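Look for chain A in each of the two complexes below; its partner is chain B in the first and chain C in the second.
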Partner chain A sequence: MSEKLSKKALDINVEHLTRVEGHGNIVINVKEGKLEKCQLEIVEAPRFFEAMVRGRSMFEVQHITSRICGICSTGHCTASVKASEDAIGFKVSEQTKLLRKLLLHYETLDSHLLHAYFLVAPDALGVPSVLPLVETHKEVVMRALRMKKGYSDMCDILAGRHTHPITICPRGWTKLPSKKELEAMKEILLSQVEDLAETVNIFQSVKLPKFERETEYVALTHSGEYAFYEGDITTTDIDGTITPREYKEVIHEYHVAHSTAKHSKNKRGSYMVGALARANVNFEQLNDEAKAVASALNFKTPCYNPFMNTVAQVVEIAHCMYDSIRIIDHFIEKGIDYNEAVTSWPTKDEWQSFEVKPGTGAGAVEVPRGVLVHEYTIDKKGVVEKANCCIPTNQNLANIDLDMKKLIPEIIGKTKEEITLFSEMLVRAYDPCISCSVHMLDVKFV
Partner chain B sequence: MINTLIAGVGSILMGDDGIGVRVIEELEKEILPENVRLHSGDVSGLDLLKVFPGFDSIVIIDAADMGEEAGSIKVLNFDSIKKAQFNDQFSTHGMALLETLTLAEKLDLAENIKIVGVQPVSTDFSLELSDIIKEKIPEIIEVVKTLY
Partner chain C sequence: MSKNKKKIKIAFFDFASCEGCQLQLTYLNEVFLDLLDHFEIVNFREVISEKSDDYDIAFVEGSITRKQDEERVKKIRDNAKILVAYGACACIGGINGLKKKYTDEEAKEIVYAKREFSLEVGDPRPVHDIVKVDHYIHGCPTNNNEFVKAVTSILMGKGYTPPNYAVCVECKLKENVCLFEKGQVCMGPITRAGCEAWCPSYGNTCYGCRGLLDDPAKDGQMDILKKYGYTVEELTQKFDLYNACRMEAEKK
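Our next item is the complex of A and B:
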């Protein structure tokens, strides 16, 4: 920060940055050649979800936490049921796990597509928003809508709704897909093979800023697969892994004055989660189709350019699409055991033998923006006594600030407009979901 | 055959703002012609827009502040409404109905868009419709049925 800058003075204040989910401001101040302030301010009101679930049954909390976000509702729902099950010591079947993995893929596809097409592509194509694209690149907008509808329709088939799933619950699924439904989902995925190729074509021509800052990359990892649903937490700065229950050994949350959402760090001043972090940690486990997309987009790991997060998302779109087809093919071939269907709340008979071992458990899943952890303490009646949710966007906030502090001196010779655009593009690259991140603020009374 | 989408939009958490969704819930109990599809609209514009392709005609039911007496029902032709003026303040979370419909028109997604506006009594936090609006549901359904 003591470095003398070529510009004597610069004041940038982007109030309510557009094309991110929620409200944040970018503030950059240079005075007498010194970078005095450079940060992403989070100004949304906190929403206290942890307090809302206290006193609620473990069989209904996933419907409440799902409302933290309309984009990653499946992720919150899944982390929620995993935390509840872990707390009471319940193990789900392999079928349940595999179907949860499938549903998480649908959400990742939907969210990544939204970010890449509607929030990032306009920068790449040199227009201020997706709306002018309607005039110049109508087919691009139509393709994005078509793909988005496909993902939503598959969510509808599997989860009972486009958003806020209703078929997922602790213990399993209330409704299992029929063979016809499995085939319908496969047909939707196959119909998008060409759309995926066109998506890769677009991002081949996208020019992203050349900027690098190595940081710590944090993600779930699993010996058998590219981790989304299950695995332990690891980082590029540690050897080995830690279990989801030990998440506080990596995710150290703290408050800063300029943000209503908490910041996080581990070994360094900040770390990164999300598609780029996952790819940096688990690249070799991507399927061949995703690796081919990575190669076509010249994406290689380790990658220290945060702007490449969007490219990593496109790579993950290919992975999730083909892994979804693999999972569906598995069920079409082996069949579904419909005896596993459960009711959303245990029936009277089930309660007779249902064991609730009181305790604290954690559920960790990779959602589009990074690793999400829910931790619940549940009493012997199955009621949540205490809850904590660690949101990916929070975990990235400190990293965004440090990226900006390195980026601004590097581009200080550019015009104010260009500096503003680059800063906005940097924040957007992280795909922040600010509404999600501002879920709790500890209020301390003196 | 003209394919018609009937979408009720609004938030059921905000009292009369949820009238569109409540009307769809009632229509779901009926047997409708084959060319008619129902959609219980989300509050997010993009999520609504993505269901438009494939329909020739779109009917939107929504609470609308038209400066009329509470409970008034009006069928508004989209051509008669001032279109949304876009700037770069676009956000996928905040895409309002007017923007969604303007975008739909630009994308040639609907040749014929009609809005059934209902003047609300209250759009404060409530899971219930006000009595005046609740009583209007059968009348709104009759109006909707004249549009396909």
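Our next item is the complex of A and C:
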């Protein structure tokens, strides 16, 4: 970084960045016209989940890994049950799969909406948080709350609650929705059509910084659909795909001296995961409603502006909303087989015939912030011997740092306050989830 | 409600946790706006950028692990008139207690292999191990109905005492079939109620996230387990999941 900057000295230290999940600091340091340091530091307390799940049964491991992060708990549960099932060679039914897709959509909807309205919109409207908007833009806040309530009501029906879902477990579901409940969920989704249109209107007027840096985009991909629940891993830099079990061929985790959560790279110094990466990889598979929103928001792929991640999220809100309606319609028409309900653990009787083939398996899922992989080694009693969780936010950390290194020189002529705001906005655009990223790791290297 | 009314200032702080209990509050929706009639939120890092050290009630989420976290929670205690432990990690140590079976070095080696670096780890503890806690709102996650009940009660100056009867009481009221009858092991008989038997009502078992009762019938629970043919080892695993901190304290 030898480029001479117009500002001789600049020190920015945003301690405990707000409106992101978890504890992180932004540090920018310019000395004698040189950008010496600019990075996102992670300062969350370490929790060591990979150690915590050792020796625990595969029938409670999703209950534990769900607690890595409240916002992403459904994603962790889903990756977790998939990894356990893959490890022991258990295949779930089509009904179980489709209902898991539905629950994942609800989490994506909820998480994207929270990010777009509560975490990003305040910057665009020039206020420090959503609270002042209660006075000035009450209808906007009420709409966001109404949409969120719809999502949480649907999670309540399907999973008992949104944070740490109850009914999803290895082998299937402990409770299946009744016809009446399916209809209630459909009604909620249909009631949000207008709110979605208004949301698109708002984001048409939100001005996001013009900034571009092309990078490698990594996402799951599937021949039959815009991949969230299942698929293989691909990137914009490789031909073909790799299976979830081979995730280490793309996701190369490494440690860096300045920060602490593990970083990842593949072909270049960094890559990006999340809504923007998914859209860049799988745009053609979005449903028509989502494509219409993309066109209304002038969102075209390939898109190299990380700030547009929020716009890609709004596009995915449309996709998930209408795909949820499609899934619910399928069940209303075909009915649900209630004999498929399972207990969270096999009963003593079931254990007699339950086969556990010991081995290592992986579950890869697209969660709101990108591709999440859980990998478990399970012994013949169904107990976890070893675990690894590969977190989307960690995969983005190297990319955030490289974006900042390009962004700061471009905006160095602005005031310190503006530079701080822009770098905060950049980090927020990635919607980082720091609880997830440091599920085991502290970051201050001393 | 008059705008000039002096509102009670509340603040949320998070330590080692998933922050899911804070997230619960975003599901309060309109009730949240009603609460804003009575409260002014001056600190809530996950959702707002405003920050202040001037507050009446502090809600603390998460377990205390490192020295720096001990110092931080002590400062919060000094600033707050009332301190509420919010969620299982803060109230009982919760799932973080699972780390206790390892030393810091072992835990680090499992996650990072032999990599050399300085990492402050610390022992996961409930908040009351470090500072005085005035009230507890249990659960993993917390239950919003209980949160509103507790906050209303605290607001009226009555404080809040969580139920000291078992989850079974609420489960029976919901007319759920007993999970032991379905061949499952359940922590309900010795776990503090207040969640409306959330998990059993959705077909899962009670994992004990609200902590053991003040005086749990442990022998009774052992008898139930023996009756249904479970081993002590299976039982210990169930106790450990959320209650490792308390089990350790009782050993001492």
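The criterion applied here is as follows: the second predicted complex is superposed on the first by the 440 of 446 C-alpha atoms of A that agree within 3 Å, B and C clash if a C-alpha of one lies under 4 Å from a C-alpha of the other, contacts with A are read in each partner's own complex, and residues count from 1 in each chain.
The working rule: a contact is a pair of C-beta atoms (placed from the backbone, for glycine too) under 8 Å apart; a residue touches a chain by one contact, two chains touch by 3 or more.
As the structure is a prediction and not an experimental result, all values here were calculated from the model.
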Taking chain A as the common reference, can chain B and chain C both be placed on it without clashing, or not? Answer clash or fit. clash
Can A:131 be said to touch chain B (first), chain C (second), both, or neither? both
Just checking: does A:149 make contact with chain B only, chain C only, both, or neither of them? Give me first, second, both or neither. both
Touch test for A:162: chain B only (first), chain C only (second), both, or neither? both
If you tally the residues of chain A touched by each partner, is the higher count for chain B or for chain C? C
Check the residue A:330 against both partner chains and state whether it touches chain B (first), chain C (second), both, or neither. neither
Return first, second, both or neither, reflecting whether A:56 touches chain B, chain C, both chains, or no partner chain. second
Looking at the overlay, what does A:114 touch: chain B (first), chain C (second), both, or neither? both
With the two structures fitted on A, what stretch of chain C runs into chain B, 95-103, 149-157 or 221-229? 149-157
Quick check on the output: what are the common chain A residues between the chain B footprint and the chain C footprint? 16, 18-22, 70, 114, 118-119, 128-131, 134, 145-146, 148-149, 152, 162-163, 435
Chain C-facing residues of chain A, complex: 16, 18-23, 44-48, 50-57, 60, 63-64, 67-71, 73, 114, 118-119, 122, 128-131, 134, 145-146, 148-149, 152, 159-164, 166-167, 169, 173-175, 255, 341, 343-345, 347-350, 435, 440-442, 444-446
Footprint of chain B on chain A - complex, ascending: 16, 18-22, 70, 114, 118-119, 128-131, 134-135, 138, 141-142, 145-146, 148-149, 152, 162-163, 435
As the complex stands, chain B meets chain A at residues 42, 44, 46-47, 49-51, 53, 86-93, 103, 106-107
Would you pull the chain C residues touching chain A in the complex into a rising list? 14-24, 26-27, 29-30, 32-33, 36, 41, 45-51, 62, 65-66, 69, 94-96, 98-99, 101-102, 106-108, 110-112, 115, 117-122, 124, 140-141, 182-185, 198-199, 201-205, 207, 229, 237, 241
